[in-house]
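After this come two complexes, each holding chain A, first together with chain B and then together with chain C.
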Partner chain A sequence: MSDHSSTYEPTNGFTRWLDERLPIMRLMHGQFIDFPTPRNLNYLWTFGAILTFCLAIQLITGIVLAMHFIPHGDFAFASVEHIMRDVNWGDLIRYTHFVGASMFFLAAYIHMFRGLYFGSYKSPREIIWILGVLIILCMIITAFMGYSLVWGQMSFWAVTVITNLFTAIPIVGESITQWIWGGYSVGDPTLNRLFSLHYLFPFIIVALVALHIWALHVVGSNNPTGVEPKTENDSVSFYPYYVIKDSFATMVFALLFAWFVFYAPNYLGHSDNFIEANPLQTPPHIVPEWYFLPFYAILRAIPDKLLGVVTMMAAICVLFIIPWLDTSKIRSTRYRPLLKPFFWLFVITCLVLGYCGAKSPDYRFVEMADTQKYTSKAAAVSAKEEILSKNKHADLEIIESINSKEITYDLKNTKFKLTNQVLSLLLTFYYFAFFFAIMPIVGLIETPHKLPGSIAESVLGKSSADKAQ
Partner chain B sequence: MSSDNDDVARRDFLMVAAGSVAGVGGACALWPLIDQMNPDASAKALASIEVDLSPIKDGQAITIMWRGKPIFIRKRTADDIKAAQEIPVSDLPDPEADTDRVQNDEWLVLIGICTHLGCIPRGQAAGDVHGDFGGWFCPCHGSHYDTSGRIRKGPAPKNLAVPPYKFLTDTKIKIG
Partner chain C sequence: MKLKLSDFLKCMSASISVLMVTSLLAVTPAQAAGGGGPEIKRQVWSFNGFFGKYNKAQLQRGFGVYKEVCAACHGLKLLSYRNLVQVGGPEFSKEQALAIAKEATIIDGVDEDGEPKEREGKLSDRFASPFKNDTQARASNNGALPPDFSVIAKARTYHRHVPWYTEPYYWAYDMATGYEEKGVDYLYALLTGYKTPPRGMKLGDGMNYNEVFPGHQIAMAAPLSEDAVEYADGTPTSLNQHAKDVSAFLAWASEPHLNARKDLGKRVLIYLTILALLLFLAKRSLWARVKH
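And now, the complex of A and B:
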């Protein structure tokens, strides 16, 4: 790490003794007390601290849950209920872990969009970004495995659908899937290994986070202007300035977290997961947790099984290469008038994709149809034939409705419809176009706004910044 | 000079030899760690069951479990059989003749798992929807299967699989 460690002065005999043997206090002092940090960071920069808080919460509550949880197909569901009803504080601990997963993803997504907007993935911060993408991949795997442990209907069928994605691999798909299952279908061995790995992965995340912060401390934080600090006047020491700011933001975030835990713990969940897993019955509508919905929408948008899986994986993996897809030298989108609208359209695309993922595949967002009422089925059928004889592509449907007195037949003639399938496909197209077309092209043709001369200048205005020098 | 060259060649050889031993040894040690995850002896032991077909009436279907998977057994009606055999094989998304999928026209035996992403299609119980082709309908992403369990419409790429089975008597089969 860089040479910011020299101001550390051991204050007593013990720390002096320790410093000569293991200079860990010196390291911490240099990295988290004296560390020079751009003076203009806004609240979006507090999400790193918030994420560290979330990780700690998941680890602590998770280790405690594992003391009571039984990773066996016959007992898992009951043991989760036992945690909820019998274990002292069990409901609080479980709800904190459950809501914590959502909060973790919320913070991670904000953190990522922050990086995207302010160009934090660009040189020299590529490795920080790539480590971040690895972390979100591990978080996705961890949360998926954790959700399966409850062994409710949604857990079971989510595992079934997701592990079946591997059957899309040509030739070896079937064997790989059985290897993952440890049997010929999702069952007890599957649950047991998911538990083992759900315990392991958070520690992999801890290691990745350590590397992520190490890489960050080699080159220093980016900032809202994207201009690197040039003089001492552009930075402040991490303590007390950012320790206080990060702590304050974490407290505010914890309020939101606590509100969910205490007032709406199941709001983000799905009621089908209160039914024990039944391998003979698929729930009518399978949906993942909210944080996976955009990816689920991308998976379903592509009608081909293998291609759908590949596209979904690509939606995450494309993030690895964006440091090289973006051709602009300017980091912050603040100074990129052409990219800015495309960026916000991208954010909206991700949100609407999430909405698509929650709806059934044949859901119609927009529909324009004429409906004609008939009292006999024969009349409706002959009217249908007649329209078809004029236009053989007409989209017609006879809907039978029974009320207390009579049966009516509605002939619905759909003129225009926007189905979930089509909308998801359009949005998926934009998702990839943003990275593969807009990022490279906009960087080449855009005339950026003038950057401020320095961070101090952007904060204080030009004249006072000069004076402060 | 020449002794220098000898040294280099010797060192290269030792490097390659040591590297190969370590590599092969490592791979051999890895295999048990990977293979332990494959279906174990107890999973394989459950691999076959016998089913008595005599209580099933025309047009009825039953579901039984085999290797943790639902097996659909349906006694097809004459209409079902006709519909399955009439359609030209070349018109099917996953072309397969009905006669290649059954051992006895009346009895259709299938693994009841949608070949898209593994949901259980509906169409077993009397009141269930059967989809547009009189067989099964998968609610997850809308795949329709016909009276031979073949995919006709929807995202599933393949026909419902036929498990290995044989008739022990006219009314008894052994699956697996």
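And now, the complex of A and C:
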């Protein structure tokens, strides 16, 4: 840990006794009281604290839920409903855990975009960032497994779709998938191990978070200017300044959290998951939770199954290496005029990818078509043939549409369309281009804005920073 | 307050939508009518939103409709008779609930010969289902399975027929107004959605035309009609009223602790707001010492 001298003074006999044997209070004092922190952090830097809050909430509510949950195909769904109906305040415990997962991801994504924008992944913070990527990986796995435990239709079919991806592995895919299932299809053994691992992974996350914060406290926080603190004037002590700021931000976040828990607990869920799992009936649309949608869109954008899986994994794993893909010495995008528009385009890309993930692959975002209405199918078919005889490549489609008075057959002659599949592919391309082309190239050719001489200077202006102390 | 917030969101999203529309003006976006059928409308429910609460009289009427009509085919297997007495529900008296329970035949244990033993229901029993199993249910319903009603109000939803670029506005609006009743609105639309089939539509054997059911052909015949059930409290017994009441009852069956949850929610939000305010003031006065 950083070796600034400790101002910790044991105040009574017991703490003196403890300090000589296990200086844990001294450690905490150094890390969370005295710890020098840049004075110019904005509210985006409160999300680390907010994430810690989310993690605690998930652990507490999760452990209580596990006291009542039954990991068996015949009882899982009913046991969740039992929690909602018969356990005292069980509905709140469950909704807090369910909404909490969404809030956790919301905070994590903001935290990550913060890191991207301000170059927090750059030397000397690569390890903090890499641990962060490991954390988000574990969060994804944990949330996926947690969602499956409800054993509703969406749970079951999400597990089926995702575990089936392993069959894409050449030669051993089939055996690996069956090994994961613990049988020849998704069933009780699968549910049981998902539960076991869903209980395990949060503790792996806790360990990773401890390392994450340890690594952070070795080099200290980055800040919006990306200029490292140089003098004492650049920092303030963590307590009370950031303790109070983080607490305030966490409380505002808790307000949003509470709104969802109390007034829209199911808004972020899917109604199909209130239908008990049925292996014989596939739901019409299988969609994951919102926080997986961008990755799901990337998976589906690639027509080949194996390649799709690889691309999706790569979309997360590329984050491991961005400290070395970014060639610029400047951390903060504030001072990088060329990268800035590309960065915001990247943010929009991720959001729109999420949108694509929610729509079916053949959904048309943009369409220019002539539509002709027919009241009989035969008429529509013969009209279709007529157009085809003139133009072999016409994109024609007959759509049966029922309104309250009649059935019509609409012959749609599509001139131009932008389907979800194509849009997702374009966005996936930009997603990777941002990391593999834009980051390395922009860093080499860009002329950055002039950096402030110090954090104090950026806050106080040059002259007063020189005068101060 | 609630209204103002939604107006604000509307303005915000309207301006975003205008921007998007103008940028998309060159091309008409695809908006197929979603297989036809009218748009499902958002109804006014006493239990929606910040001040939402079930209406006890409505739940009692709705239970009446369920018991007289729907219970012949649809179970409520996750509910117990005692739930009918529970605060925040229909709040029948213990005697009323017991009388309802006693009408049910419950199979419990075996007699000396090892044959299943039947007895009348108690308050602690789960609702008896109308059929022994799914196979029997299908056999009695022309092959179709009447779904259990325990969580039906949450297990259904509908999609708005709106252009994709206006959807974020609806998300924001729904989140801000706590719109959790999409399923209930679907139920109401389904129950009032039996119409004469459009010209030229061939219905399957034993199928009925319904304008909101996916595919428009449903195996359940219109279960409700005017005056189908008598109301003790003098409420008009129109089809729409029956549909409203039974939908509200099903909403409660799916979410029995809504009243308590929303009640606590108000306190929590007020508490958190005050705490956030105090923390903000503390933060401001502390940071007044440091320019940042």
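The working rule: the second predicted complex is superposed on the first by the 450 of 469 C-alpha atoms of A that agree within 3 Å, B and C clash if a C-alpha of one lies under 4 Å from a C-alpha of the other, contacts with A are read in each partner's own complex, and residues count from 1 in each chain.
In this section, a residue touches a chain if its C-beta (ideal position, glycine included) is under 8 Å from a C-beta of that chain, and two chains touch if they have at least 3 such contacts.
The structure presented is a predicted model; accordingly, all values stated were derived computationally and were not measured.
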Using the touch definition from the top, say if A:258 reaches chain B (first), chain C (second), both or neither.
-> second
Using the superposition on chain A described above, determine whether A:165 touches chain B (first), chain C (second), both, or neither.
-> first
Could you say whether A:240 touches chain B, chain C, both of them, or neither, answering first, second, both or neither?
-> second
Given the touch rule stated above, what does A:179 touch, chain B (first), chain C (second), both, or neither?
-> first
Have a look at where A:361 lands relative to chain B and chain C in the superposition and call it first, second, both or neither.
-> first
Scan A:305 for contacts with chain B and chain C and give back first, second, both or neither.
-> first
Both chain B and chain C contact which residues of chain A?
-> 284
Contacts from chain B onto chain A in the complex sit at residues 34, 37-40, 43, 63, 65, 67-70, 113, 116-120, 139-142, 155-157
Listed in rising order, chain A residues that touch chain B in their complex are 157, 160-161, 163-165, 167, 178-187, 189, 193, 279-282, 284-286, 300, 303-305, 308, 361-362
Touching residues (chain side chain C, partner chain A) in the complex | 24, 27-30, 32-33, 35-38, 49-50, 78-79, 83, 147, 150-151, 154-157, 164, 174-175, 178-180, 182-183, 195, 198-201, 211, 214, 216, 254-257, 261-262, 264-266, 268-269, 272-273, 275-276, 279-280, 282-283, 286-287, 290-292
Would you pull the chain A residues touching chain C in the complex into a rising list?
-> 39-40, 78, 81, 84-85, 91-92, 95, 236, 240-241, 244-245, 247-248, 251-252, 254-255, 258-267, 271-272, 274-275, 284, 355, 359, 363-369, 375-376, 399, 401-407, 416-417, 459-460
